[in-house]
């Protein structure tokens, strides 16, 4: 009976969930991060449930199958607002974000007690290359470096090193689209020498990010500035959450998220957050002076990345209502990771302060020919998707530097749907009209 | 000097471990395993030293060798083809001669050990090996101690000069790089390289 | 006797570590090949990860070996420090001076930076 | 005699190690809850349920791992933690292994831990684990000198390399006051040895778990257990080197010792939750250029204090 | 555990090290052979110190000096390997001769 006792205990564990971040699936994961009893893990090996949050484009179904098969058994899948793969037609599907935590816990319990079987393997049990019984030693190898020992070729030197002139082996891998450190949907072919990135070729752009509907309404007519600015702060805080989690600051990451979900986030709380970040050494220990954008790149990325190096590009300064609130764009002096985070925090504070002011006087925007989204200016055209500049930016960076640079850059395109649409809230009619 | 039986038992075990892992160093394909087999051999010898009452030297052997073998492993992996031994390989020359030479050395030394007469004078009972070593270092052998310090400083400077690529005066091998690798005289890896982003010299 | 105790402690700890792994794993099937593939978020590696890995801090490790050797001398020195008095102090001064020169030199040459 | 010299010390070390590792997990959970992480269920139960889940989860494998090294590494890490704890004295008479050079042996445990952690990441043969392993070596080779200087500092007044002598030498004044720089520097070593919190370069989140990214099930349980056990062993060393070990009024020696270990653990776990992870290159520079010279200062201070205090 | 058995063990280690140092093509593997030889030497030195030298401190000192030699050999050796490799992209012993130009 020892086993069943063990299983009962295991059923009460915090549910380890590996999230596959599909299109528009981010929002529910932020909520899960704040839910007790659920643990979002970084590696599929550490999970008992694969949560596919949001749709996955068909050309990435193969990658999804690979990740699915990498969970050690027993495991189950849950599809949140996502169509299960054909082979898994019977898998649990769910559209209600409020029911999600409970569903995850139930699945985990059922899995542990044996009521629910493990999800089947989707890919054939074959090595990447046949090797058994082949080659000089029966393991697929030939000579010293040849063949496919144990199914894979050996790493060879491809390119000269870009830093110190020692030409050693380089490792070429494709990363993504579901690597938890990368923006969801980004895939790239990366060559590393040691822990240094030699070359980076972006294959597919990150999934589009949905803005709150107030940004869409701002293009239709006047909207309350308070609402607009709070939405802006929320957007930045969610990105900050991601970066802080990456830096191992779980507590402040959740603080940022709580601030984002607070009904009336005050400027004082944002300032407190910034002070705590400074005090714990985030700017001195983690963010780096790497990942520097030149002026063209900064302009292309737009938004925070443009204002951090000092380009005073902000559509808000053209709006008389903003001018009445004494708005001036904040700028920093640098184009690196550090400056971008300083800029982000400063803009969060500024947005919350503007929101408070604007709420007092009930100020509305006056111009509706363009809106400054958190991602950059949007009037005649969208903020451009700019993930291909990573190809120039990341080579030469150490892995950790590269990841923190990636987290500090917001390169994803904007979704034509608003956040409320994609996460199930009633769709405001104005947006419907705009799309039609 | 007579040791209790348990010491003899452990000595035999450790001696076997030291020799077997010493031999495995040259018989394994994986470079990482080779260096850590050497580490095991060192640790076994270190434990024997502790059994011989050289408690400081034995333990010092652990930390010295752990660090040295770690570094050894790093360099082995860096510079050997097929470092993990995924394909079995034999990178030896004059193999038969070497085996013979090794065996000959062993035999000569073993003969010496067996035939020569050594005085039998064990450690005095009241000896504190660590303190005696300390006194020696600060007393009669001060010169060795001092010169070791200087030699080690020289070594530090030597390794930095030889191995470091970037320095105050730019890349160490500037001018010796094959042409075409770094166009425009912009050696990759200059200190405080600011132009990480422009990437014009990156290989694709 | 102390060594015997230590030996048993090591033996039991290692045994415990291996047993906890081995007992539940006895009956588990070998994972399938797709499961065994390295996790890269859905991506795939072209080659084995084992390679001539380009370590970026190798000058630092060489500096460390020389440093560590000096530490060999310092432990016996520490034991007789109080007893030897001024001589030991001078000795320490010399050692620290040498080590400081080593560090400062290495730092100026960028040894602690990723190469 | 066998009981008092063999069975009792062995049982003590293994017991403290396992119970201590459990307490580390509970304490970490409690601290996480106290500083505002979402918490479900009781902190006392969480490590047990997590452990039970890991026991039921299947062990992962990689395509061509170095099997022996991969399975041995967690067990050896646990064994190193046991050695580390074995040299720690719990009272003048209750010392599992009272080696004359126990302080040096502790330094060796640190050096060997680097080897074992590297092996854990290397043997998996996957990219992210490999990067984690190499990154850890940069850290492991940097903190070891700091630890040696700091420990030589405490050996000076004791005129011995034995932990029990080090504790006895603190009867007048604890080393934490006599050598104020010592304990903070030594805590860095503790975080490094267990790659905890800010020094988690081996199993960090930007590597999806680093050296542990490819392990699951029972091997991962042993790895986590060993990591917590190493933290316990470190707290034992720190408590006897700087906080006067078993010394203290009213309570019996071993109780004092355990209390001090808990205090050190609490501080370490709190630092682990509050400070962000260091960027590797900056970490190495920081260790060599800031903390190492500080440990020189600590040694000079300790030398002067040994004469005058 | 007698002096003779200790010396036999030392001889065995030296023998294996000798084989390694002579047979290995790669410079780093060659250094492993040297290390193994020094390992035997250190063991012999300690054995003499403990069983035949009446605890004369020179015995211990000799071991430390051997260890220092080992450390210096290793540090310089690897530094040389790096320097050679940087110019030649090779690490076999034959490559060293080319360091002259």
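Observations, loosely collected:
Think of it as A, B, C, D and E in the order they're written, each chain with its own count starting at 1.
Going forward, contacts are C-beta pairs under 8 Å (C-beta built on N, C-alpha and C of every residue); 3 or more make two chains touch, one makes a residue touch a chain.
What you see is a predicted model, and the numbers here were worked out from it, not measured in a lab.
Counting only chains that touch, the fewest steps needed to get from chain D to chain E is 2. With contact taken as defined at the outset, chain B and chain C are each touched by A, D, E. Counting C-beta pairs in contact across B-E and across A-B gives the higher total for B-E. Centres computed as Cα averages put chain A at a distance of 52 Å from chain E.
Measuring from the averaged C-alpha position of chain C to that of chain D gives a distance of 14 Å.
Distance from the chain B centre to the chain D centre is 26 Å, each centre being the mean of its Cα atoms.
Chain E has its Cα centroid 21 Å from the Cα centroid of chain C.
Under the contact definition stated at the top, the residues of chain C that touch 2 or more other chains are 3-4, 31, 33, 35, 37-41, 45, 48-56, 58, 61-62, 64-69, 72-73, 75, 78-80, 106, 113-115. Among all residues of chain D, those that touch two or more other chains are 55-56, 58-60, 63-64, 99, 101, 104, 122, 125, 127, 134, 137, 141, 144, 161, 208, 213-214, 217, 280-281. Within chain B, residues 51, 56, 60, 63-64, 67-68, 70-71, 74-75, 78-81, 84, 86, 130, 133, 135, 137, 148, 152, 155, 159, 161, 163, 165-166, 173, 189 each touch two or more of the remaining chains.
Contacting chain pairs in the structure are A-B, A-C, A-D, A-E, B-C, B-D, B-E, C-D, C-E. Partner chain C is touched in their complex by these residues of chain A: 43-45, 60, 62-67, 69-72, 121-128, 149-157, 161, 163-164, 166, 168-180, 182, 187, 193-196, 398. Touching chain D in their complex are the following residues of chain A: 6-7, 9-10, 12-14, 16, 33-38, 41-43, 45-46, 48, 72-74, 112, 127-128, 149-152, 171, 173, 179-181, 192, 194-195, 244-251, 254-255, 280-282, 285-286, 288, 398-401, 403-404.
Considering their complex, residues 64, 67-68, 71-72, 74-75, 78-79, 82 of chain E touch chain C. By the touch criterion given at the top, residues 82, 85-86, 89 of chain E touch chain A in their complex.
Note for the complex: chain B touches chain D at residues 30, 32-33, 36, 39, 55-56, 59-60, 62-63, 66-67, 69-71, 73-74, 84, 86, 130.
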